[in-house]
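Structure, as structure tokens:
A, B and C are the chain letters, set down in written order, and residue numbers restart from 1 in every chain.
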């Protein structure tokens, strides 16, 4: 069993609409790696290049010299690589994924991926059932519902199930909670965490905001202007609010409270990144 | 290599910024002169008239700084068809077409093939007229922004609203279409990527040949249509909230103003076209 | 203190609204709303998707009309069709999608769209467009194509387009939902400027931290108003908000949980500095004792 990273990017550059008057440089030498079983966050403001980076993970964008992308041992610069296999292993869920739905019935749309993988009807059905359970849609109740009669939140679940039905080893969520209200967002993230721990799914979260990150990921890459500008564990990254602000990002409010206390000369132990940690730390300070 | 960048291929209108006199003319002038000269081209069947028209339009194109290579590159894909049609006309139209300024003379005959001086003239004059129209269209669209063209047309249609033509509504339709085409192109790109990510065969082989079956079309077209309708619904609400009730009683922020060059251009264009039309039957050959 | 009663600029009495009332599955989106909005208010309406908040918004400018009950805007009843244009030019609305509100291909032409519809004469049009773009900080982009702007910039253009009609009330129907944090900041700053200049603001959102901006917060759930008050008052009710599965700002949650352990700790703090100050005060008090 290889111990190397599952996804490895090295010195990746990318220019959109190269050679036209609308040319735009999206990546200026990005290197990062994702190991099996991890939960990693890629944060950055709009335009930082984070979506461009993850589109390299599943071969939607192929690397150009000198950049290299290696996924599960396969070098994606090699034109002979079977990109469809890569896309089965690396599931990518886009922002507003419900916009990809096209089949008349829910079950059919979720079955699209498995069908493309050449599965037989019985196996497809099992996959669809499993995927629907994972996202919280009752199989019997929803499989024959017209896709477009569902609410926005339900349609998003269908879209997510459509990608999960491929049973990828890595799931990339590119701003997948956009537009969800707090309750739906919480439910979504809880399910993702359950998948991660229960099914050992490697997770990559891409987001412009810090709110989701603290509870979800072990490691963070911070991007700005096409480069990785900070990286480390969640705690390490959040303990530098000034630098994050420079890159157009904030920190959770509890972390800001901790830094406000530090600025007032009060000693803070471990900088909290969640409310519970904040309460514990504040209690400790108040009673020491 | 797969390429999802659709915007690369969308160069609608192909406005090429520049500083020539033609660029600075009011869009209404250009639209009018375009119409006048097109009318002249339509009725000009003689060699002489077409040589004159060709030279005039060629001069205008060069004067406005548009590259000839750019103009002809747009025609390249259609060239095979054009050549085939020309050959067919040459070979089979001898009977049907009476030449301008001469009596029909058979040059070659064999079976159904009947080449006359008429069919020769037809082919040559058609080719000349094609090029003239190409130049005229370039002159209009390469030197004027689409927004400018829409405003020009809206202004020119406005008098007709008095007799019931929904002039403002039409020009608003054009503006909204212009506004949303790039957005829909981007949306299509996103949809292609999302579907490719779940295993759809979306491979962009050259010029927009990324679907090969009706099934594959559905994967892209259904979500795109739904997106377009959703946008339309949102836009309707926004327009109603901003008190849009049609063209009646509206004022206008955009004010097109004629300058001196416009009067000159307009007069020259009109004069030239009228002359070509009046003398169309009087040319020597 | 004056004993005159101030007339609310918007008055809502027993508002009911149902989608598809004749069908098999009617949706009772609003079940009896009573609400007064006063001139100069910055009212924030919070609730989940499906709570009825967007439906309520659309009833404010006669995009939707009540099934039961009434909505009055500056004395005009929204059921009165002849008042529709006057109402819509009094209550301007900005929607969620930055792209789908912009009609024209040039920023300043889009901003002019609203006043053009009202027949505003040409020189005043130019003045209004310039003023509106200035207020939202987009004047330098007046000739740009909207397609080239960031989402936050587009929303500011949309706000300018509405403000160019000189409405007294600005309704933001989840106008920040599709923006990233910096876009949201810019839009909120523009709205703050407008409110400071006297524009009544009604912001519908599900972002809790935006509720801090307002002077009043209304919480909706299942078509009804369930909580109402100042941001401080509303957020102090942490348990009820938790039951509704709504977030509270982390600072308030922190204060609330500390209050559970120590009753003297104030539970209704909102701002980072308030919490830090309170902790600092207690630490130095203990150090001093």
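Convention: a residue touches a chain if its C-beta (ideal position, glycine included) is under 8 Å from a C-beta of that chain, and two chains touch if they have at least 3 such contacts.
Predicted, not measured: the structure shown is a model, and the values here were computed from it.
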Practice item. Note the connected groups of chains, using the touch definition above, after excluding chain C. Key: one piece
Check your understanding: Based on the averaged CA atom positions, which chain is farthest from chain C?
Key -> B
Practice item. Return the distance between the CA-based centres of chain B and chain C, expressed in whole Å. Key: 46
Review point. Could you state the distance in Å from the CA-based centre of chain A to that of chain C?
Key: 31
Point to revise | Junction residues of chain B, two or more chains touched | key: none
Revision key, fill the gap. Contacts from chain A onto chain B in the complex sit at residues 16-17, 20, 22, 55, 58, 60-62, 79, 83-84, 87-88, 91-92, 94, 97, 99-102, 112-113, 116-117, 148, 162-163, 166
Revision key, fill the gap. Per the touch rule above, chain B residues touching chain C in the complex are 146-147, 150, 172, 175-176, 178-179, 182-183, 230-231, 234-235, 237-245, 249-255
Study note, to complete from the structure: In their shared complex, chain A is touched by residues of chain B numbered 1-2, 4-5, 7-8, 187, 190-191, 193-201, 218-220, 222-223, 226-227
Review point. For chain C, which residues are in contact with chain A within the complex?
Key: 48-50, 150-151, 177-178, 180-183, 206, 208, 245-247, 249-251, 253-254, 257-258, 261-262, 272-273, 275-276, 279-280, 282-283, 286
Review point. Which of the residues in chain A come into contact with chain C in the complex?
Key: 45-47, 151-153, 178-184, 186, 208-209, 248-250, 252-254, 256-257, 260-261, 264, 266, 275, 278-279, 282-283, 285-286
